Amino acid sequence: MRVKVAVLGATGFTGEKLVELLLNHPFIEISYLASRTEKPLPYKDIFPRFNRRVDIYCEPLDVKVALKKADFFFLALPHTVSMEIAPRLLEEGRKVIDLSADYRLKDNKIYEKYYGVKHNDIKNLKKAVYGLPEFFKEDIKKALIVANPGCYPTSVILAVAPLLKEKIIDRKIIVNSLSSISGAGRKPNVEHHFINVLNNIWTYKPFVHQHIPEIEQVLKDISGKTIELTFTPHVVGVESGIYSTIYVNFKSKISLDKLRSIYESYYSACPFIRLREPLPKLRDVIGTNFCDIGFALNSDGKEAVIVSSIDNLIKGAAGLAIQNMNIMEGFKETEGLML
Amino acid sequence: MRVKVAVLGATGFTGEKLVELLLNHPFIEISYLASRTEKPLPYKDIFPRFNRRVDIYCEPLDVKVALKKADFFFLALPHTVSMEIAPRLLEEGRKVIDLSADYRLKDNKIYEKYYGVKHNDIKNLKKAVYGLPEFFKEDIKKALIVANPGCYPTSVILAVAPLLKEKIIDRKIIVNSLSSISGAGRKPNVEHHFINVLNNIWTYKPFVHQHIPEIEQVLKDISGKTIELTFTPHVVGVESGIYSTIYVNFKSKISLDKLRSIYESYYSACPFIRLREPLPKLRDVIGTNFCDIGFALNSDGKEAVIVSSIDNLIKGAAGLAIQNMNIMEGFKETEGLML
Amino acid sequence: MRVKVAVLGATGFTGEKLVELLLNHPFIEISYLASRTEKPLPYKDIFPRFNRRVDIYCEPLDVKVALKKADFFFLALPHTVSMEIAPRLLEEGRKVIDLSADYRLKDNKIYEKYYGVKHNDIKNLKKAVYGLPEFFKEDIKKALIVANPGCYPTSVILAVAPLLKEKIIDRKIIVNSLSSISGAGRKPNVEHHFINVLNNIWTYKPFVHQHIPEIEQVLKDISGKTIELTFTPHVVGVESGIYSTIYVNFKSKISLDKLRSIYESYYSACPFIRLREPLPKLRDVIGTNFCDIGFALNSDGKEAVIVSSIDNLIKGAAGLAIQNMNIMEGFKETEGLML
Amino acid sequence: MRVKVAVLGATGFTGEKLVELLLNHPFIEISYLASRTEKPLPYKDIFPRFNRRVDIYCEPLDVKVALKKADFFFLALPHTVSMEIAPRLLEEGRKVIDLSADYRLKDNKIYEKYYGVKHNDIKNLKKAVYGLPEFFKEDIKKALIVANPGCYPTSVILAVAPLLKEKIIDRKIIVNSLSSISGAGRKPNVEHHFINVLNNIWTYKPFVHQHIPEIEQVLKDISGKTIELTFTPHVVGVESGIYSTIYVNFKSKISLDKLRSIYESYYSACPFIRLREPLPKLRDVIGTNFCDIGFALNSDGKEAVIVSSIDNLIKGAAGLAIQNMNIMEGFKETEGLML
């Protein structure tokens, strides 16, 4: 019997991508879609590309109805809305993957600083598992609530965690990330206008982006090491994807072979990590749940550029969420994701 | 002494392009910019790309102030707003080029049908000259108010008027036009979102687009002939431009040489019309005030495809308006436009 | 047991898309990939995006080896190469789907006129079935060789065939088609350079494109009616897709309801045809095997614009080929294609 | 009387842009265009967008003819070709601006290391002035041969030189640069294919790009300080532009006001440098000769991100060359460039 799955927030970019991917999953059934619509609408009328592929309605979000219809919940809701809804689902024994930032930052003070609101579900915040299977798979297996990682953090953590765990790089890390505007959501906005984004590039929130504490916390959890992070996100006029170029310094000289063998030792059993030599190209991961990682070493073997590349809506959001669900539900980790 | 020029509606795509082009005009001075801002703002703060190029403020639109500051007015205002403002400028002896649709359709009933509002400046509507210099240059010279043509009409009329004037084609004309989304304005809107426009194409308003009566009226004015027009506009994910592919039938067999000589006879003295063999490419006109026209003939010499290509914001709006101003003010027709 | 499938010509856009789609097909195994490489190369080294997804080599094309390795053949080869290879495969009892033009035109004189070479496999040309399942499903079931339709013909034929079969439109049909440059293949070429294609649109081969006789032949086969076709293809700077806008005239007044019911009667049982009201958008079919069809009627009910939209590499090539394979092999028609 | 100007290498992206900009220059006349064509061709036949704007032929390059026709030479030739031609022009008293790399690196050993060929015009290499007017204006005034800077070096040097001259930053500088593919030239190549570049991003030549020694040399010339540069160029799918994000550390705490005042003190008299707060966007410089510079400071005032943005073909090549010509010929520095 298929698992009955709900997507709350089914009309944003992430919710739409969740639906698209879930349609290809052999062991689940989409049993409830909800968003802030005023009345139920056929999902295929909202997104005509789903015509002949899905017949379900998208309904105004109603937790009581949702509880009747589904056993497993994806929350593709805005920050702060998730922490209103998740407790009610957990209370009734439902499993939850939250794609907002609400359950990612363990220190609620930091959450309040970066997201501007008080956290009001500390109880579940403590229980939530950070959903990066490459490092927390055993915890995810047992989790009732998973905090799905941010898109930038996924691209950064996967690229540098092995080096930090091996304690071979300095604590100072510089990350230059490039993202599609789709990461900023569907809301109409003069900044998101076609003419403003096409052929454009801009930096935003250097030193202060809300993903900084998330990266710092998780890298510390993984490696035991406190890093010093300089993180500069950019928007570039591409359809999708995040491309991170990361600058690290080695404590002592390293060879390319050694570097490669470290990454291989961490990731050879991870179905969605691909080492790419010499260096990744963004298009190779678009439409997939892969994270491609490559690296180049300076001639003195003391400094490297690590590059990682993901589809921001898949490995950076919806695909990773399904990978987490697969682990939580005991499915094959790649189920429905090797398309 | 330079002519003092105002742009009302200086923050839309067309107003912005007007300012950009006027900055390169040797005989005018931009003396007043206005829009629906609530307070005066440096124009370069609204559009940082004008930094170090223009120092004027953009002010909340105030006709009294405008009259004090400028002698020549470009109205890059929404439909229906123009006809509120233009009479007050004309009354005070100012010359006006209106880039909205308000003064294009001579039959106010048709205006009301297509634009959904009653026309309330019939007096000036009668006086307004249609600003297509390739056919109405003498009238434009003497005009006090010029109705600047719509973008689609410019691309269509220039392509077929010579054939209609020569009375060699049937009255039935099919026009398939492709436009950049910039023609729809800057208003934020889910349809204008980068992700919705990139790599997309869609048809809208077939048979009912408001530019249909404009094309019909002007082609009749030029040729004395009533045409039967099928017009299908499309949006395509390009940065700028309109590309029209037009299907015509000849009353009797014609040769390619004959066809070429007809176009040459009409346009050899027109500085902004270029015949392009075999066929135009959109990029060749982008950033210019040119209209490129090409054609291909069926093997039986009875049917042709006429193709025209313009930059929708230049020859399709702001550039054409400056060409009209040049004629009205006695400047060289190409002044400031051969960049 | 899975069917062993070969793709000859696996490094062009179409071959690459075939591999991508075949990887998701549950009942086949890709057992042989070949192209004009000089030596065997891991397919994932040619296309790094297939890393961790396919482990097979791409080999220099050798028919003898191919025959040993596979039972079912996709020929994604250039025109004229297919007709050298196909006979040798058919002779050995292999089933073939040819994605070139070599087996589409029944009249070899017309083939020679449009493709510039003599046809040298008349025997199999006669046996070949035109692979458009919406109209020739029964023949495809029994076919040993299927001529996979051209991309433009698929988009045009599906849009107008019902109206021709119903004998309600005039024989004169005007087709304005827009295509991604990917339809022109991967060969490096100054015309295909990023800077030449981005934000560009151009018409090519009006009245003389090689897909004209294919459309005429197949529409006659379907409807018994000889049409008069004006076909104008364009390249537009989009990543993929074909968008056709088709102008037809009705013999007598028709209603929108009647028009809709005709399309429904033909296509309600066709899993990959979607009627879209009011009109299709290109993005909705990208990445899918759907053909979206929409229409608009003039106020007098005598003229319509029919719009069809496909992904040129899927429903216009590789997806349609797999749909044909499904039918030939007795699989569900949608197997592996509902992603 | 106008200066007679030649462009050698008039069919590459840079040569084409030079012609476009020179057409708007009031004090020069384009008297000779040459490229590797086999026979003279109207320039407007090679680039139809110049139709009705330029009537000159593009001829097979012949130095003797060139010397007869022009007094001032732009060399938009490939590396190694320039140093064959320049000496013959200089010998005859012509002024030369070379847009290749041949006269940029003062140490011919480094030239040979990075460009793979022996330098064979050491004499003129010594005389050549590096054409960055913001720092070498007085030398450029007197120069007979100017080495026009590389596109990446221009974007990097302008951003960090003031900080180095003030001796307030550490010698270690990390530069993450993003460039349009147009910087790689017009040569057809599978990497430059529309489908490969659209929506793509990739890193290339980290630690080893040939612009590294150029940046190091010039920053040392300007500041007296040897820097340690990590430079990572990327290609992104934008039509034009270079966007550099630069990471620097301050020797002691600095304030944003102080940082701003330093940039102002260096650049207030430079017509093509614009400080942009908070941070530049690429589109704002496209089509212009401006370099926009912005910066953000870490909360501890010890680390900054400096961002610079240029049009790679204008301030990064052709526009800068004309700025240099203006200085060499005693024209106003902005002549023909404020469009």
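Which chain is which? They are A, B, C and D, in the order written, and residues in each are numbered from 1.
Quick note on the criterion: a contact is a pair of C-beta atoms (placed from the backbone, for glycine too) under 8 Å apart; a residue touches a chain by one contact, two chains touch by 3 or more.
On a predicted model such as this, the values are computed, not experimentally measured, just so you know.
A.B. asks: Among the chains, which has its CA centre at the largest distance from chain C's?
C.D. replies: The chain lying farthest from chain C is D.
A.B. asks: Tally the contacting C-beta pairs at the A-D interface and at the A-C interface, and name the larger one.
C.D. replies: Here the pair linked by more C-beta pairs in contact is A-D.
A.B. asks: Return the distance between the CA-based centres of chain C and chain D, expressed in whole Å.
C.D. replies: The answer is 47 Å.
A.B. asks: Could you tell me the distance, in whole angstrom, between the mean C-alpha positions of chain A and chain C?
C.D. replies: Computed value for the inter-centroid distance: 37 Å.
A.B. asks: What's the distance between the Cα centroids of chain A and chain D, rounded to whole Å?
C.D. replies: Once rounded, the distance between the two centres reads 40 Å.
A.B. asks: Out of chain C, which residues touch more than one other chain, so two or more?
C.D. replies: 196, 199, 237, 239, 281, 283
A.B. asks: Going by the contact rule set out above, which residues of chain A touch chain D in the complex?
C.D. replies: Checking each residue of chain A against chain D gives 174, 176, 178, 196, 199-204, 206-207, 230, 232, 234, 236-241, 243, 245, 247, 279-283, 286, 294, 296-299, 303, 305, 307, 309.
A.B. asks: Would you tell me which residues of chain D are touching chain C in their complex?
C.D. replies: Spelled out, the residues of chain D in touch with chain C are 13, 181-182, 186, 188-190, 192-199, 237, 239.
A.B. asks: If you look only at chain B, which of its residues touch chain D in the complex?
C.D. replies: On the chain B side, the touching residues are 23-24, 48-49, 51-53, 239, 271, 274, 276, 281, 283-285, 287-288, 290, 292, 338-339.
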